[in-house]
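In what follows, chain A forms one complex with chain B and a second complex with chain C.
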Partner chain A sequence: MGVIQHDVIIIGAGVAGLTAGAILAEKGYNVALVAKGEPTACLSTGCIDICSLDHDPLHGVSHLPDEHPYHLVSRAVIRESIEKFKESMAQMGFSYIGSPETNRYVLSALGTFKTTCLVPSTMAAAPQDEKDDLHIITFSGLKDFYPSYITARRKNASFSTYDAGASTTMGLATNFEREDFLEKFISWLEKLNIREGKIAFPAVLGLESAGMITKKIEERLGRKVFEIPTIPPSMPGRRLFNALKDYFRKKGGMIYWSWPVSGVEKTKKIIEAVTSPSEGRPKSLNAKAFILASGSFVGGGLTARRDTIVENIFNLPVLVPGQRDNWFDSDYFSLNHGIGKAGIIVDSSFRPKEADWENVFVCGGIIAHTDVLKNGCGHGMALATGHAAAASCMGYIK
Partner chain B sequence: MLKTDVIIIGGGATGCGIARDLALRGIPHCLIEKGDFAAGATGACHGLLHSGGRYVVSDPHSAKECYDENIILRRIGEKCVEQTGGLFVRLPGDSKLYRDRFLKSCEKIGIPAEIISSTKALDLVPNLNPDIEEAVKVPDCSIDPFRLCMLNIISSQKRNGIIFIRHKVTEILKEHGRCVGVKAADQVSGEIREIHGNVIINATGAWSHLVAQLAGNEVPLTLSKGSLVITNHRLTNMVVNRMRPSADGDIIVPNEAVCLAGTTSIAVEDPDKIRIESHEVDTIISEAGRMIPHFDDTRIIRAFSGVRPLLKSAKADSREITRGFQIINHGDGMYSIVGGKLTTFRLMAEKMVDTIMDYFKLKKPCETAEIPLEGQEELSGYPLAKRLADMKNIVCECELVSRAEVERIIKQTGTRYVGDISHRTRLGMGPCQGGFCTFRALGIMHEKSIISPEQSMNALRDFLQRRFRGIRFCLWGDQLREEQLVEYIYMGILALERK
Partner chain C sequence: MINFEHCIRCTICVENCPVFRVNPDFPGPKQAGPDAQRFRMEKEKSVDNWVLLCSQCKRCNMACPCGVDPAEIILQAQQRYGLQHPRTLAHLLFANNYYLSALGSLTAPVANKVASTKIGKKIFHAMGITTYIPFPKFSFKTMKSEKKKKSKAIKKVAFFYGCFINFYRPDIGRKIIRLLESFDVDVVLPEQWCCGLPALGNGNLAIARYFAQKNAASLSNYIDAGYDVIYTCTSCGLCLMHDYPGILEISLAKKITENTYDLHEYIIGLIDDGYIEPQFVEVKRKIVYHIPCHLRALGIGYPAAKIMAMIPGLEYEIFDDTCCGLNGSYGFKKTNEETAVQLGTRAVSLIKKTGAENIMADCGSCRMQLGGLSGMDALDPAEIICESLGITDEK
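== the complex of A and B ==
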């Protein structure tokens, strides 16, 4: 197979990689994205956390430690990345509610409040305090949702169980995509004579059509409806991934699936190509620039060994938080785990520091000092750094 | 107030064995355990049913006891012993002289030991280091310590034995200088129970000096911490020992779906304040890796420590202290039984109960070596086919535990502890270490309305903190990825209140 040349190759199909890719594709660059498999976004709640430390997320950002990668991005870019995200998701029929000025809550499957910023429209009606009375619907055999966790904590909540003939979130979501199933389900709901003001569901109300399904139930029942995110496999996470992926493709980007990078071709200061052992498909992809968005440990961008941590694609220098003993704090709940800081240190152009390469840019969870869980900054940081890395990359290749 | 003849404190193998022996001899008794069964050294060991080989050179007396009990347990506990067989492998550089002494002593004691070539050994255990000089085959077995305790308790319960788990003895009542009973606090409700008896047996292992103190008695103990690691899968179907004097990381035992490797031996003071350290994990992995090279790149799913309650001795190295046991008559109606090993628990119980029978001037002989453990059919093996039949309702995917099983345990024990379900079903023992199924098990308890929101939050926090203690020093590679995912699930998705 001959040499395939792209302008930019992105490694990783998560929120950061797909965001950076869409920006470049929109500007007319020839962009390809390679992915080993599905991203961790599929495991997520689908909510966009910008920074959960303060009621005002941007105010929270300003209080993050100096090394935090958010500080490499201006407020304007954070706002722009959020606006752009909302716009593109609305275009894909998966709209998001919220603004970067204020955080909001979604009800968790434990009955607690999760702080986040943007939520899919299907979670917009989630209660923001203890007052709302809820009726929760669950499905017999669904093993990842127990309404009793919630009813035990909220006085004004009750639940009913529907037998949908499926026991997984994916199976249920697929059922909801069927017109006849939905119709039968809604007439069952109507017969319940629900008195409570809001109806809550585990997040299984369809895949592509979740927004429409939610609306339809709301109209027919005359009640506000919202979804509660579940533990993985998470449908809102998958919807987010699907929408980002389809948007990227719509803008002209292409994706090589199951294309694990196994090697690189390089000259002195330039990465020329990435290679993969995949059979029957291009084994080598050339590009002028590369954007590394391969994620942290769960995503597979970083691997911890007994005595060190390595970056898996370009073998970039990694910030290792000391010896293994220091990777975790003795108090599990402190969230002060050194491991949260592990990653690639980048400069203001989002190039890896102390690395030889001038055409490699880094974004998303693989960046050092993010402390995603502690700061509640997962997808928001991926959007902002995805934008910034794409802009920097454009400046380099034009 | 409750009255009985014998009060047993401690629900480890020894205490449970004593309860069974008393039951078979018709003596009314009550067993009190502060946690769950097998919560101390019993549950924190290899689960190795020794052939005696390990002690054959250093402590032939204990070795003989081990071998005799090995034969008895294989007979009475057919369904809870896995007859794996064991190898002592000699690596290049390991003393041939030790091997000669080993064989000589085995012969003297009567432990069957067969020298096999390295080729033959590799046939038996293909993952073995191909550089081994030779191996000696011995009748080591593996045993599930928790199941063993449960089976002993069944015999007691069938004969009206009274069992209190999650009850901590807070006071020993004395009248005219004699122990007449105990006060025990229910660890869940805080309620105090008063139980009276004629004799008190202190079978609390590493805690026995503390329990004895409650009656003003002394137990001279040396506490030695031993740490172990658990692999994600079985690397060997036979027990593998190193042919050399006892040292760190010289035993690998297959148990159910995993292998356990250890141990270390470090003197400690307080049995409640032990923690594993990362250098211990590294030492065990590198030493075990010398016998099974694969060990180095195998996923370690957990590490844990137990405390060996050894008889006090002047010997500086705790490895040289005898594994024999001793019964201490405190002369006030209290007896303490200390030392010994999991393998010899039945013998310890027999001797203890013989002493009690003498005291009561009763004659009925011990039958625990002849009568098979009751209830084995119910607990037998690993009924995989049964579990797979209900695939849709599997709550723990790693160990294939179904919802029905979880509900049965909740109903049977009324427990609010996920750990109690784990012990009885292996829920949460696999690679994710309960990351997914704990949320589900507590959800089921919520459905049964036996747990309040505060209790479930506390239970989740407690579970995560304990789980973390077990895996903290094994976090690299895939296990670290799994850990990060679980952390995200509980803190990120479920928004667990950290308090």
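== the complex of A and C ==
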């Protein structure tokens, strides 16, 4: 007892795993997702980078080296994964704008532009050039958000500070969800007589209702309003994670939290079950197929040892970018660290290459050659490979 | 158990901490856990009284991508602090929740009266206990007075019903017994005490261990006789499965954890094995299933949700990001009242937005909090299953 038969087990609650899971659950498969912890999406800006090498992200994909996993996914599937993502997020009340034909900018907390593709509706009004004049609002005590970085770079920008009785992004977002707080805040804003065309906020305008809160401020002030992503704790990243998670569940998927996979049960070419540490009765979940979406180093899918890199669950062969000396560029801020290539090499069916397993599929940041930082392709790659791995997995279990 | 060195300071745990969200006096799991751990010296007296503000909801553990388990680090700091500092009356009372409740139960009519009068409220306030939601009504006839029954069923379970059901809602306990009996499962009520969790939460390791050892000895006898143990309160469950082998270091813990199941996990197992084929009848309700933090922490998924999916007509939505704030005896303490009310109010406002008629939760204290603050009926999943199968608590 204690073992329930599933069609598919997904390992990892990141953008890749939740995307693959929702597709399978929607098609009626019995899907469970297990997770050790929360994904890197919670640390992200919430913006979907598809490929930042060209103004047209799909065109940018063709500049990528041959071994990049994007080349295993057709343009049609990339497009479909983006459309499907936008549709599902809109359903969850967390709309995204943008299209896979053009990249756009969001303003960073340093006053620089970050290139991305899809942005949450709360960042839609972010300036796309140096022209817009901005008024920035910050909050007393809020760490790591200093408007003077932005005003130093932009001529037509000024700022004001509000004392919200909270000084953390989560505390502020919680306050914004309260109607009485929002009312008081808006009347304070009205009294400022802001002359600039746009009002900018650090991304703390609520957690569940950010879209509505932004709209309300826009309507009352008669100004365009947008959020500036903060360093973690990042509210837009968390909103993205929450929406993906709720969507997966809405489609019938089940999530097992506190379920770090630590071992597998296998016969010759087939993984039968995954297991998790337990103080008593063995904890195991079996399925016809498994999707590995455990992320790269931060997510916990890969671990770097002194001279090698290991995949923590199936012990799959890992592409190690040469000797340790080659793992890191001497410039810390370089986008060209060798380690960005580390990961699992997959074939066109998204099965791990040079491994025995028929029923294991891989997607997201754990795949080799992604170089997420350098290519600006994080969530977009997770969406596309999540789709492709789910399709391949469906073909197998059918 | 202590992995504070694995912390990469990503702050994901902090975002997940319900207390940190609303109480600026609590520095959050990262600082209270891995960060402060570096400075906690064996020989020095602990000064970090704010560790007591942690409700032990375990959300930080579940969120951490690096396996740090800040809640366990804090739990140990709480025990250390508890050992070195004299306690307030409320801490002692709640650490002894079992005796407090048992006392209330014996003198139920009187205790209920006292708790609901102005003077009674004053007394509770003076003791540091809050009264913003009606204090649980002490129920007169407790589960222990139910008789053990014999039957020839093959499956046998010993039911760890927990304090909440025992003292406040024995009717739910009786329903669960009828439910299991209708599945041809033989149910016994082993001799049992509080699981020990409230004592642990109040930094009283000795009392917690005392209860745990007594429970373990009692349950172990039944396991030897071929019984599985089931729990229904998910906090009791987490204590049995996680703290008995962990911080409480109970020698019989392995045997207990190997043979203990959540009620709904057990029922799913019966269905999976083909032992039963329950014929669920339509239940026309729209509910929010509030997932108790400790169910989430158990790492068994949400078994009751699987059963809900089999009940025709039942519409349910899962909420697992909204800690109710009460956390057993935590929110009853005056120092935590504001935290508990703020978190509970937030949870209720999100629940109300769905237009659901009822709230469902496995844990009695979540039901008390959410039901009390919303004015909605808060049900145990077993009540809905019984409704669907036409089972009542009367014969």
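Things worth noting here:
Rule of thumb we're sticking to: the second predicted complex is superposed on the first by the 388 of 398 C-alpha atoms of A that agree within 3 Å, B and C clash if a C-alpha of one lies under 4 Å from a C-alpha of the other, contacts with A are read in each partner's own complex, and residues count from 1 in each chain.
Operating definition for what follows: a residue touches a chain if its C-beta (ideal position, glycine included) is under 8 Å from a C-beta of that chain, and two chains touch if they have at least 3 such contacts.
Worth saying up front: this structure is predicted, and the values here are computed from it rather than measured.
Annotation: superposed three-chain arrangement on chain A; chain B versus chain C shows no clash, the two fitting side by side.
Of the two partner chains, neither chain B nor chain C is touched by A:T19.
With both structures placed on the common chain, the touch criterion links A:L110 to chain B but leaves chain C unconnected. Looking at the shared chain after the overlay, A:L43 reaches both chain B and chain C. Contacts of A:T174 after superposition: chain C is touched, whereas chain B is not reached. Aligning the two complexes via chain A yields an angle of 90° at the C-alpha centre of chain A, spanning the centres of chain B and chain C, rounded to a multiple of 10.
Of the two partner chains, chain B and chain C are each touched by A:P232. Of the two partner chains placed by the overlay, neither chain B nor chain C lies in contact with A:N375.
Within the superposed three-chain model, A:T214 lies out of touch with both chain B and chain C [touch as defined at top]. Contacts of A:Y146 after superposition: chain B is touched, whereas chain C is not reached. Of the two partner chains placed by the overlay, neither chain B nor chain C lies in contact with A:S81.
With chain A used as the common frame, the shortest Cα distance separating chain B from chain C works out to 5 Å.
Taken together, the two structures place residues 43, 232, 298, 300 of chain A in contact with chain B in one case and with chain C in the other.
Interface residues of chain A, counted against chain B in their complex, comprise 43-45, 108-115, 141, 143-146, 148-149, 152-153, 167, 229-232, 234, 296-298, 300, 303-306, 324-325, 327-328, 330-333, 335, 339, 373, 378.
Against chain C, the residues of chain A that register as touching in their complex are 1-2, 4-5, 32, 36-40, 42-43, 166, 168, 170-171, 174, 177, 208, 232-233, 238, 242, 249, 252, 254-260, 276, 278-281, 283, 298-300.
Listed in rising order, the residues of chain B touching chain A in the complex are 278, 282, 285, 392-395, 403, 436, 439-440, 442-444, 446-447, 449, 452-453, 456-457, 460-461, 464-465, 468, 472-473, 475-477, 480-481, 484-485, 487-489, 491-499.
Residues 8, 10-12, 14-16, 20-22, 24, 61-67, 241-242, 245-246, 253-254, 256-261, 265, 268-269, 272-273, 296-302, 305-306, 309, 318, 320-321, 346, 350 of chain C are the ones touching chain A in the complex.
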